[in-house]
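Please find one structure pasted underneath; my questions will follow.
Order of writing sets the chain letters: A, B, C and D. Residues in each chain are counted from 1.
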Amino acid sequence: MISVIRRICWAFMVISLAAGGRPAVAEDTIKVAYVDPFSGPFASGGDEFLKVFGYILAKVNADGGALGKKFELVPFDDKLQPAEALIALKSITDQNIPFVMQCTGSNVGAALVDGVSKHNARNPDNRILYLNCGALATELTNEQCDFWQFRFTGNVEMRAAAGIKALPMDVKKVYLLNQDYLFGQSIQHDTRKWLAKLRPDIQVVGDELMPFGKVQDFSPYIQKIKASSAQSVITGNYNRDLNLLIKAAVDDGLNVRFDTYLAHLIGGPTAIGAAGEHRLTTITEFDPNVPAELHKTDAEAFSNGWRANHETDFSEVPFLTMFQMLARAIDKAGSTDALQVALALEGMKATDLVGFPVEMRKDDHQLLMPYYAASFSRDVKYDAEKTGLGWKTDFIASTEDLTLPTVCKMKRPAS
Amino acid sequence: METVLISVLNGLVYGMLLFMLASGLTLIFSMMGVLNFAHASIYMLGAYLAFTASQFLGFFPALIIAPVVCGLIGAAIEIWGLRRVHHNGHIAELLFTFGLVFIIQRLVQMTWGMLPMAYRVPPVLDFPLFSLYGVNFPAYRAFMLLVSGAMLLGTWLLLKKTRVGLIIQAALTHPNMVSALGHNVPRVFTIVFAGGCLLAGLAGVIGGNYQTTEPGMADSMGPIVFVVVVFGGLGSLAGCVVASIIMGMIQTFAVVIDYSISDILRPLGVVFTGDTLFTEILTVPVARIGALLPFVMMVTILFFRPRGLLGTRDT
Amino acid sequence: MRSRWWLILMLIVVAIALPWCFYDWTHHRHAGFLISMLSQMGMMVILALSYNMLLGQAGLFSLCHATFFGIGGYATVHLLNAAGSGDFPLPMEVMPLFAGLTGLALAILFGSMATKQRATAFAMITLGIGELMATSALMFHHFFGGEGGVTTNRMIDNSLFGLSYASGLQVYYLILVWTVIATALMYYLTLTPLGRMANATRDNFERAQFIGYDPRMVRFLQFALSGFFAGIGGGLYAITYEIVTFDALAAPLSANALLMAYIGGTTVFGGPILGAILITLLQSGVSLLSNSWLVYVGVMFIAMVIFAPTGLAGIIKAHDPIRQAGRLGSLVVPYLRLAIPSLSLVLGFVGVAELMSFLTIGAAQGRKLVLFGGPIDVHATLPWAISAGALLVGGLWLRFEAAGFHRVWESLTTEARR
Amino acid sequence: MTALSLRDVRKNFGATEIIRGVTLDIAPGERHCIIGPNGAGKTTCFNLISGRFPITSGEILLNGERIDTLPPHRINRMGLSRSFQITSIFHRLSVFENLRCALLWSRGYRYSFWSPLWRQRALNEAAEGLLEELNLGTRRNVLAGLLSYAEQRALEVGMTIAGGATVVLLDEPTAGMSNTETDYAMALIRRVTQGKTLLMVEHDMKVVFDLADTITVLVYGQVIASGPPAEVRGSRAVQEAYLGALDG
């Protein structure tokens, strides 16, 4: 009887070890787990970022990595499902990987913040840090903030503030259109808040939520925007929901500005194409034209290194800043213990690729960083995704502009 | 006033796009009883094939090639796959199409990559045909109406007026008798399935550049197509047309209606306060739930009339 | 009959002992991944069995089964928060029961609408219900928490046995207990008048009418009870992950329930248990190994649907007459002869699929294909030749062996029937 | 008071009239046979009586109560049960299960999902008794779908009378049977419908005249003759309907 159970155990052992993805005997590296969707309809998110991280790690490791060791990425597929991400988290902590990184989906982000803090509270000897590089919901570093989460991307409120600051003075009527889920609703809320604070002269003539990913034909929305005689549409839509909106606007001959937050996301320029000229703006963390306009030769070289063999553009400067700051924190802490690295990381000041000062604020673990408001136009040095049009920087919201108050009351671990 | 007229026109265009997709499924679903979940995937294939073909040969040759290729793919699926599964029952057929969805999606991701394709409306059709009260009506939408109208007429003529059509109609309800009369019913099934996929491919060619061509487009069109087919009624082409146009109109006009149930009740002195789930449901404007209305309508009609609007036999 | 009780007992013992087999002696802790996978299996067993109460027992093809699973989860999250803040003290062990009651309530509401019809009309109504619930869960914040979902903390230190439920192991054993209870209850249901009449209405609802039963009432009660058990599964989901988002009641989970029940085998009560274990392994285990796991899942369904429509349990059950005739031994050699070509077929297919996926997508991701030990150069012709060869040879050889196996099988079954 | 009576019952599908005003009265305990050429509307009559189809006009009374608006399961509970022309049984349940299901409602189990069937001794014994009576004891655990044609017909008759119905409708119980099987089936029917009202549709004239107390002849949806066998055998109208007009 025992032999039967023994054999079954061996079978499970093989599966769970293999499930770990990497044989345990790999050379001595600092492993960073990367949880994102790699299969199913949302696979394009994880797939694209994996290439970007490959390129970034090549530079960071070339600059000496941390503690003399190289960084190694261990991908886990969460299929954009919170439950799958938490199962992957268990596999990560089993292999004693000290860092977990996630860049797509606020629903998965919220699950990981909660999962990591509970895991650390219950397993003080095997703690892990959550590096949030893409879940943008403002709550994650406010009401739901946590000591073990470091967010290396601007939250929705920072982007809204940057967007409103970049609005030209002649815009007096705006129409808000967002997706009907957490991200879209927080953009709606923060955009109104900062419009009232910075631009009381602007009148919000329309405020609309549309079902996420379900609208096939946007012409009805275009009619409403036309009827409201708005000059600009402010929207947090991305991918399909943005491309169809702009296509419908062009088809119906509606010339109005589209001030968006995520039009620069991978695939956006290709899908919108010439339709976006003179009417589309976005809030991006970086763009190949930025170093060219600011004459930063090394940043331009780094960005061109990417463009040489990809049709997409490099715009993930915060990812590079994240690894650079992480490496410095590990060196300062002298180990990869989550608590030591966290203490070293919070409050750290650094300069990003372009040379602007950035800071990992101590009281909410939110990276304070600059944002660029850019418009889609022809007279740029580098076009986006070979569409002939690129992002021309109109306004730079500096780190000081975007240092916004936070309501985070973080529970700090005792030991 | 003008917004109503334009909305009607847009509703019609969107409705006819839904019809193009649903007509193929009506044939397959009612004829072979196959709940073909892979129908939207064939629609995606049609869009991708049209994109590739139009790069080398231009849009109009692609308009012919892509649907034909989809039809051949459909025939292959039926002969090597569905035919062997037919005797295991409808659920087995449905699971077969489930498996297909996963495979087609991965194949598309492998061959064309993950990013949206730059499949655009051909320049020759990319101009405003006319403008009504300052709102342009693009020529491409008129072209869509033309193609879907031709498709409706063609399918109707094929079914009602030709010999093959009569055999298909007969085999719809009495396959055994039709085979007793010497017709090769399995081949009829293949023709019908291939025809359904051809229609889906054609809808893909037209819909692909009207919307965006990306790996996720199959999932977004999947459920709404079933609603149209079932709401219109099984086995009835007329029902399918009427249902598509109704759904198109609903989606278009729901967005215009901005008030919610509580706004309607307010004049009657009923005001909702408090922060509960029910107040949230009652205060949600119709515009936000526009995409849900088709499902609400499907559930209600099936509850009272399982045959659907103009269905010929019980589902 | 006796052998069946032994099998069940052995299964429970294995389920209890399994976490300890993988105890990580160096770090003195359990393999977290294995425990969460086993917990997921427990929940999926309850979901699949409760789904089979509809599909297998009553012939009802539902497309919204995840709705009751999800609502059970949401109810439990809110109950845990209430219990945590003290204004509704409820011991942890009882939570799944309340989740079940919530599932029951919603199943009564939707059941009264859906079970008025049968067959395809019923399926389409449930498709509509499923889409409505999933989208409203995304939209309405109050109960569903929108896209971020609702989080909670299971350590409410209110337990009948003084457990803190901090460690995953305690949660796993809670799930195991509830899975055994739910499975036993569902099995018991099949031996009650309602259970028998559900089978009767599945086979022939008109004859059921002429022995005094209203088929609609039978369908409705069976639908409501299956909602109760799905709710229990949802409660366990909330306790395990401490967060419930709209994904817990969306269409992919309903599709999962269907696949687990069908692959496992709907004609045998225990079939869905097998299906749940296999699919969870595939989803949580294999998906970490390869990005094209969805292709393997898709191909497996197509193979099962064509060659084994009765599912895994159906195949096992087909062996009963031979086992009773004591001739099972003579099947071992034919199975071995089948195993080799099918193994080569599977490995060949995996090789081709991985090579193709790395040639097109993987290469761009800068990841190397690690297969059977060593890294493989995707552009070299050798790996392609080996994989394609294994696929072709395996396929032809299997076809040849299958014919031989079929002959042996026929002779054995006819002999057993005499 | 009649066990079952039809008063001017009419039924048309769309424009075509199938049943053109049938009036029939069946006394309690009477063995009544309906005969008539194919397409005369015999099975449609059965479907109307048993509530499978709604009637267009007229009345149907069971023990004096109107049943023409009730669904089949309510009619069955009032004591009327029927068999089908095409055998209608639960093919994926065992023979024993089929019979036990037929007994459930009359034994008051209704929709209970708590009472364990294996412990209901009285119910199981009743089912075993029925098995013996139908002489299907040897086929107890065989799936009903795997029985021979005659065995399936016998099982269906057993299920029809299992619920203790006072009025039993049998739709061509001996159709497609050999002589020996027919004799055996008729003996079974005679035995199990002792003291019950029997309404039967049958083509085999030997069976009809051997069993029936009264015979009704239905042609094109109308009753052309009804009475004891001898009277009906001699009636010219019946001969004309069956053999066609003899003399021009």
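Basically, a contact is a pair of C-beta atoms (placed from the backbone, for glycine too) under 8 Å apart; a residue touches a chain by one contact, two chains touch by 3 or more.
Here the structure is a predicted model, which is why all the values come from computation and not from measurement.
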item: Labels of chains that are neighbours to subunit A and to subunit C; value: B
item: More contacts between chains, A-B or C-D; value: A-B
item: Of all other chains, the one whose Cα centre sits farthest from subunit A; value: D
item: Chain whose Cα mean lies nearest the overall Cα mean; value: C
item: Chain centre separation (subunit A, subunit D; CA means) in Å; value: 74
item: Approximate Å spacing (C-alpha centroids) for the pair subunit C, subunit D; value: 45
item: Rounded Å distance between subunit B and subunit D, as computed from the means of their C-alpha atoms; value: 48
item: Whole-Å separation of chain centres (CA-atom averages), subunit A against subunit B; value: 35
item: Numbers and ranges of subunit D residues touching at least 2 other chains; value: none
item: Per-residue multi-chain contacts in subunit B, two or more chains; value: 105, 109, 114, 288-289, 291-292
item: Per-residue multi-chain contacts in subunit A, two or more chains; value: 40, 43, 47, 180, 211, 214
item: Which chain pairs touch, all of them; value: A-B, A-C, B-C, C-D
item: Interface residues, subunit D side, partner subunit C - complex; value: 50, 52, 71-73, 76-77, 81-82, 84, 88-93, 97, 100-102, 104-106, 109-118, 159-160, 162-163
item: Sites on subunit C touched by subunit B in the complex; value: 55, 61, 113, 116-117, 119-121, 123-125, 127-129, 131-132, 135-136, 139-143, 251, 255, 258-259, 262, 292, 294-295, 297-302, 304-306, 309, 356-357, 360-361, 364
item: Of all residues in subunit C, those that touch subunit A in their complex; value: 13-14, 17-18, 21-22, 24, 27, 29, 31-37, 40, 135, 138-139, 141, 146-149, 151, 153, 166-168, 237, 241-243, 245-248, 252, 281, 283-285, 287-289, 291-294, 361, 364-367
item: In the complex, subunit C residues that touch subunit D; value: 188-189, 191-197, 199-200, 202-204, 206-215, 217-218, 221, 225
item: Residues of subunit B that touch subunit C when the two form their complex; value: 33, 35, 81, 84-85, 88-93, 95-96, 98-103, 105-106, 109-111, 113-114, 223, 226-227, 230, 234, 275-277, 280-281, 284, 288-289, 291-292, 295-296, 298-299, 302-303, 306, 314-315
